[in-house]
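Have a look at the structure below, then the notes.
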Amino acid sequence: MSAVGSFFSDNEGTVAAPIMQALQAVNVDAVHSYGEDPTTAALEARLRDWFERDDLQVFPVVTGTAANALAAAQLVPPYGALYCQQHAHVNTDECGAPEFYTAGAKLTGVDGAHGKIDAQAFARVLSTAGDLGVHEVRPSALTLTQGTELGTVYTQGEVQALADLARGRGLGVHMDGARFANALVHLGCSPADITWRLGVDMLSLGATKNGAMAAEALITFGGEQHREALAYRRKRAGHLLSKQRYVSAQLLAWLEDDLWRELAARANRGAQRLSAGLDSLPGVTVAHPTQINEVFAVMPPPLVAGLHEQGFGFYDWPGGEANLHRLVVRWDTPDEHIDALLDSARRLVE
Amino acid sequence: MSAVGSFFSDNEGTVAAPIMQALQAVNVDAVHSYGEDPTTAALEARLRDWFERDDLQVFPVVTGTAANALAAAQLVPPYGALYCQQHAHVNTDECGAPEFYTAGAKLTGVDGAHGKIDAQAFARVLSTAGDLGVHEVRPSALTLTQGTELGTVYTQGEVQALADLARGRGLGVHMDGARFANALVHLGCSPADITWRLGVDMLSLGATKNGAMAAEALITFGGEQHREALAYRRKRAGHLLSKQRYVSAQLLAWLEDDLWRELAARANRGAQRLSAGLDSLPGVTVAHPTQINEVFAVMPPPLVAGLHEQGFGFYDWPGGEANLHRLVVRWDTPDEHIDALLDSARRLVE
Amino acid sequence: MSAVGSFFSDNEGTVAAPIMQALQAVNVDAVHSYGEDPTTAALEARLRDWFERDDLQVFPVVTGTAANALAAAQLVPPYGALYCQQHAHVNTDECGAPEFYTAGAKLTGVDGAHGKIDAQAFARVLSTAGDLGVHEVRPSALTLTQGTELGTVYTQGEVQALADLARGRGLGVHMDGARFANALVHLGCSPADITWRLGVDMLSLGATKNGAMAAEALITFGGEQHREALAYRRKRAGHLLSKQRYVSAQLLAWLEDDLWRELAARANRGAQRLSAGLDSLPGVTVAHPTQINEVFAVMPPPLVAGLHEQGFGFYDWPGGEANLHRLVVRWDTPDEHIDALLDSARRLVE
Amino acid sequence: MSAVGSFFSDNEGTVAAPIMQALQAVNVDAVHSYGEDPTTAALEARLRDWFERDDLQVFPVVTGTAANALAAAQLVPPYGALYCQQHAHVNTDECGAPEFYTAGAKLTGVDGAHGKIDAQAFARVLSTAGDLGVHEVRPSALTLTQGTELGTVYTQGEVQALADLARGRGLGVHMDGARFANALVHLGCSPADITWRLGVDMLSLGATKNGAMAAEALITFGGEQHREALAYRRKRAGHLLSKQRYVSAQLLAWLEDDLWRELAARANRGAQRLSAGLDSLPGVTVAHPTQINEVFAVMPPPLVAGLHEQGFGFYDWPGGEANLHRLVVRWDTPDEHIDALLDSARRLVE
C-alpha cells in the first residue's frame, strides 16, 4: 500500500473532518433534488460573497475534468480553438474531455517555462491565428491553470497580460483552478483579484485535491448568457447529481472558517520544506519554483531507486526532461513522512 | 420545504446510516486514486459474487445518466439505433445524454403498456428495421428499465422474450437498473436470474435512489471487449473520480448484509400501502400495478389541489394521461407521512 | 438495368442539357477556389433576386442531407429538440445526419396525415415541451419538408400556422426543399411567399432531383448571425468544395430561364397522369394526393408482382401501410414509360 | 481575376477534357442511385486492378477533407490520438474535420523536416505514448500526406519505416493522397508499392487537384471490418451522393489511359522549371525540394511585392518562416505563365 510515504498525488488524500461533519449535518431530511436544495442556494450566496460578485453562478460537479470540459463547451464552438499551455492538464491528462464536450474543438498548446503560458509566445500565436479563415479552427478561448501543472503560480500581472491578449481578440478566458486554494495561499490576494478582476470569465474551482471527497464547481462571473446552456450541458453529461446537496455541503464546509486556506497552507508549507530539503542535496535540483504543494526535482536514478525501494511513492514526470520527478504534499501528509523522505534521501546520496 | 409529506422522488431521500459509516470508515489514510484502491477492488469481488459472474466488470459512477450513457456509447455506434420504451427515462429525462455519449445515435421508442416494451411491438419494429440500409440508422441495442418509469417490473419471461428478440438481430442488451433493488425485491429472484442469465449484457446498477449518496455502477457481464473503451470513455466524460473509493465504499455498504434489500423492501411496502389506500378511495384509480416504490394514481383535481394545499408534494405525470400523478415512497419516508396523506385524501373525497 | 420503366426515384435521373452546358461554359480558366469565384457570386445575386431578399445568404453543397444537417446544427444546440413530421426524410432516411451535425440533438416526430405535420398535434407537443426543464431536451427548431415525403404540398396557410406556433415558442424554422421546385409549381406562388414571408429561417433548396448533377443550397433569409458559423461548419464537414463554381454553375443554370419550373412541371404532369391512370383501375387506390412528382398507390400484390416481372421498378413504401407503393416520375421520364406502365397495369387487373 | 498568372493553388484549375467528356458519356439514361450504378462498379474493378488488390473497397466522395475525416473516424476512437506531421493539412487546414468525424479525437503533431514526419521523432513520441493510461488519449493511428504540404515526397523507405513503427504499436495507417498522382510520378513506382505493400491501410486518393471537377475516393486495402461502418458514416455525413455515378465517372476517366499521369507529370515538370528558375535568382532560395507541383521559395519582399503588382498570384506561407512563399503549378498552368513569372522576377531582382 502506498499510504505510508506516498507523495504520488493530492488525489490520494483523505477528507477533512469538517467536511465529513458537514455531510453528516446535511443528512437529516428529504429535500428537493437536482440542486433545488437550500444547501446549494447557500453555497451560491457564499461564493458570491467570497468572489465579490453578485451575478456569479455556480455549477457544482464531482470532477475537475467535468468542470473544465463544461467551460470549454460553452466558450469554444465545435469549430473553435482553445489555447492552453502545451503541457496543461486539459491537454494531456483529461483523455480529450474538452474535445468530447465541445464536439471536436482543437486544443492548441502554447509554449512557456515552468508550466505557464508565455505571453510573448501567445501573442505570436494570435498574430497569425485565423489567417486561414474557415480552413482553420476559429480562435475562441484561453484556459490557464492556476496553480500550474508544474507547481507554479501565475502572478496577477501574468494573468492580466494573457487575459488582455485573449480579450483583445474576443476570446473567452477560463481558469482551471484544480489547485486554486494553494495558488491563493501563495499569492495572498483575494479570489476576485486573481480571477474576474483580471478578465477571467469562468473558473473551475477545485476542492477535491484539498480536503473534499468529490467537490468541484464551475463558476461563471456574470455569464448570464451561459446559464441555461451550462445547466443543460451539465445534465446531459450526467453531472447533475440528484442529491447535489452533498456536493454543495462539501464546498460550503470548505469555505467555512477558511478551511480551504488552512488545508492549502499546510500542504504548501510541507512542499516548501520538502523542496528546500531536496534542493540542498548534492546532485538534486528543484526544476521549477515550489509555489504550491508540488515539488519537481531532478534526482539521480540511484537516489530515486533507493527511495522507491524504501517505499516512498512518487511519479516520474513525463514530457522528456531526464530524471524529473514530481512529489506532491497533501493537506494530510504527515510531517514525519516528509522528514522520513528527506532523511532517507540524505543517507542515499551520501 | 418539501421535507414533510414529500412524495416527489426517491432522489430527495437521505443517506442510510450504514453508508455514512462506511464513508467514515474508509476515510483513514491516503490510498491510490482513480479506482486503484482496495475498496474498489473489494467492490468488484463482491459484485462478482452477487451476480455469480467471475468476469463481471464494474465502473462506479455518480449518476444513472452517466452509467446509461456510457453503456449506450459502447453498445451503439454513432450511426446506430437504440431501442427503448418510448417513455423510458433515457429517452425523456436525460436531456439527450445517450445521444451525447454515442456522438449522435438515435433513440427509437417502442410502445407498450405500463412502461414496458411490448414484445410484439418490438418484433414489429425489428421486422423492418434496417430495410433502408445505410439510409437508416443501424439497429444496434435494446435498453430496458427495471423497474420501469411507471413503477412496474418486467418478469423474467418478459426480459427473456425481449432479449431473445434483440440477440436474434445481433443487438446488445442493456438494463437501466435505477430501481433495480426495488425490482429484485418484487421479483424475489437472484440478480443473475434477471440479468445475464436472460441475455443482458450491461446493467446500470443504481443505489442513489435507495439510500446511497451518489453511487451507481455500470456493470458488464463478460464484456472483456468493452473494458478498455469503457475505461477511456468514463475518464473522458469526467466520471472517473480521483477519490473513487468513496463511491465504491457506498456500494459495498449497500450490498453488505443485504442493506439494499432492507431499504428497497421498506420503500416497496410503503408504496403498496399507499397504493391500496388510494385505490380504495372513490374517484381514485391506480393506473399501473404498484410493484416497486412508485404509485401512479388518477385523482380528481379537487383532491390533488387539496393535498397540495396541505403540503403533500408529488408530481403531475407528463405524457398526456389526464389527472395522472406519481407518488414515490422513499426508503426513509416515515409511515406517518403515508398515513397522513391517506387520511387527508379520505377526508377530501368525502 | 432499371433504365427502362424505372419509377424508383428522381435521384436516378440524368442531368438536363442546359446544366451540362453550364458546366462546360464555366470550364475555361483558373478561378479562385473555395467559393471565392464569380459564378458563386452571381448565384447569390440571382437567388437574392429570386427570393426577393437582399440579405439572403447561400451555401452551396452537394447533398440535401448536408444542407439539412448544417441547418440543424445551426438552429438546434446539442441539448435541443428538432421537431419534424415523424416520417420525414431527416428522421428516417438520413442515417442520423442531423444528430451527427448537431452533436447529438434529438429529433422529435410529430404526427399528421399525408406526410404533413398536423398543427394541432404540434400545438399539443409544444404545450408540454420544456416542462421538465434541463431533464428534457430544449425545444429549439421545426423542420418542414416541402413537398413532403408522401408527395403532398403544404399550403401557405399550413406553413404559416406551423411557423407561427414555432416562432411563438422561440423556435427556428427550417424547410427541407429537396423537391421545392415541384412544390412551387403546384402552389403557383413565388419562392418568397412560401418561405420567409411565412416565417421560414432557412431553406435547403434542392436541384439534384430536378435535373442537376449534384447541387443543393442551404439558404438563410437574413441570418447574419449564422453566417460565420455555417461557413465553418460546412468546411469542417468536408462540404466546402475547392472547385465550388461547378456546383454554383449548376444552380445558376437551373434558375436561368426558369429551367427549374420547366423540369418540375414536366415531372409533376407525368405524375398526375400516372396517378389518374392508376386510380381509375379497380382495386387500386391512390393513398395521398398527387401534388408533386410522386404517386403513392395501394395496389394488390398480384398487380405489383406482374409489373415487377415486366421490368417496372418502384419501391414498396415502408411504414406499415399494407401494399403501399411509391412511383416517382422524373423530369426525364419518357411519356412512353408512363403509358407502358398504365397499359400493363390495365391488362394485369383485367 | 486571378486567371492570368495565378500560382495560388491547383484547386483553381479547370477540368480536363476527357473528364468532361466522361460526364457527358454517362449522362444518357436513368440508373440506380446512391452508388448502385455500373459506373461505380467499374471504378471499383479498375481500382482493384490499379492497386493489385482484389479486396480493395472504394468510397467516392467530393472532397479530400471528407475522405480524410472518414478514414480518421474509422481508425481512431473518440478517445484516441491520430499522429500527423504537425503542419499537415489535416491538422491545420481542415477546420477540425477529423475531430468532428471522430467525435473528438486528438491530432498529435509530430516534427520533421520538409513536411515529413521524422521517424526518430515519431519513435520518441511513441516511446511514452499511452504511459498515462486512460488519462491520456489512446494511440490509435498515423496519417501521412503524400506528397506533403511542403511539396516533398516520402520515399518507400520512409513510408515503410513510419508504417512499421505504427503497426508495431497496433496503430492503423492512413495516407492523405490529395496529390498522390504527383507523388507517384515523382517516385516512378506502382500505386501498390507506395501504399499497402508498405503497411498503409487506407488512402484518400485525390483527383480534384489534378484535373477532376470534384472527385476523391477513400480507399481501403482489405478492411472488410470497416466496410459497413464507412458506408454508414459516409451517408450520415451527407457524402453519399444520390447521383454518385458522376463522381465515379470522373475517377474512371482520370485512371483511363493514365490520364492522371499525364496531368500530374505536366504539373510536376512546370514546377521543376519554375523551381530551377527561381533558385537561380540572387536572393531567392528554394526552401524545400521541389518533388511535385509546388515550389516553396524564400523571396525578398520587394521581389514579392513586384510580382504581386504585376498580377502574379501566390500565397505567403504561414508557419513562421520569414518570406516563405508557395507557388503551385496546375495541370493546366500555361508554360507562358511560368515564363512570364520568371522573366518578371529576373527583371525585378536586377
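Chains: A, B, C and D, in written order; residue numbering restarts at 1 for each.
In the analysis below, a contact is a pair of C-beta atoms (placed from the backbone, for glycine too) under 8 Å apart; a residue touches a chain by one contact, two chains touch by 3 or more.
As the structure is a prediction and not an experimental result, all values here were calculated from the model.
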item: Which of B-D and A-B has more C-beta pairs touching across its chains; value: A-B
item: Centroid distance [mean C-alpha coordinates] between chain B and chain A, Å; value: 34
item: Whole-Å separation of chain centres (CA-atom averages), chain B against chain C; value: 41
item: Distance between the centres, which are taken as Cα means, of chain D and chain B, whole angstrom; value: 50
item: Multi-chain contact sites of chain B, meaning residues that touch two or more partners; value: 34, 78-79, 94-96, 100, 103-104, 134-135, 232, 235-236, 240
item: Overall pattern in which the protein chains touch one another (line/ring/star/complete/other); value: complete
item: In the complex, chain A residues that touch chain C; value: 34, 77-79, 103-104, 134-135, 138, 228-229, 231-236, 240
item: Residues of chain D that touch chain A when the two form their complex; value: 78-79, 92-96, 99-100, 102-107, 124, 128, 131-132, 134-137, 318, 320
item: Interfacial residue positions of chain A with respect to chain B in the complex; value: 1-3, 6, 8-9, 11-15, 20, 23-24, 27-34, 38, 61-63, 65-67, 69, 94-97, 100, 208-209, 213-214, 232, 235-243, 246-247, 330, 332-333
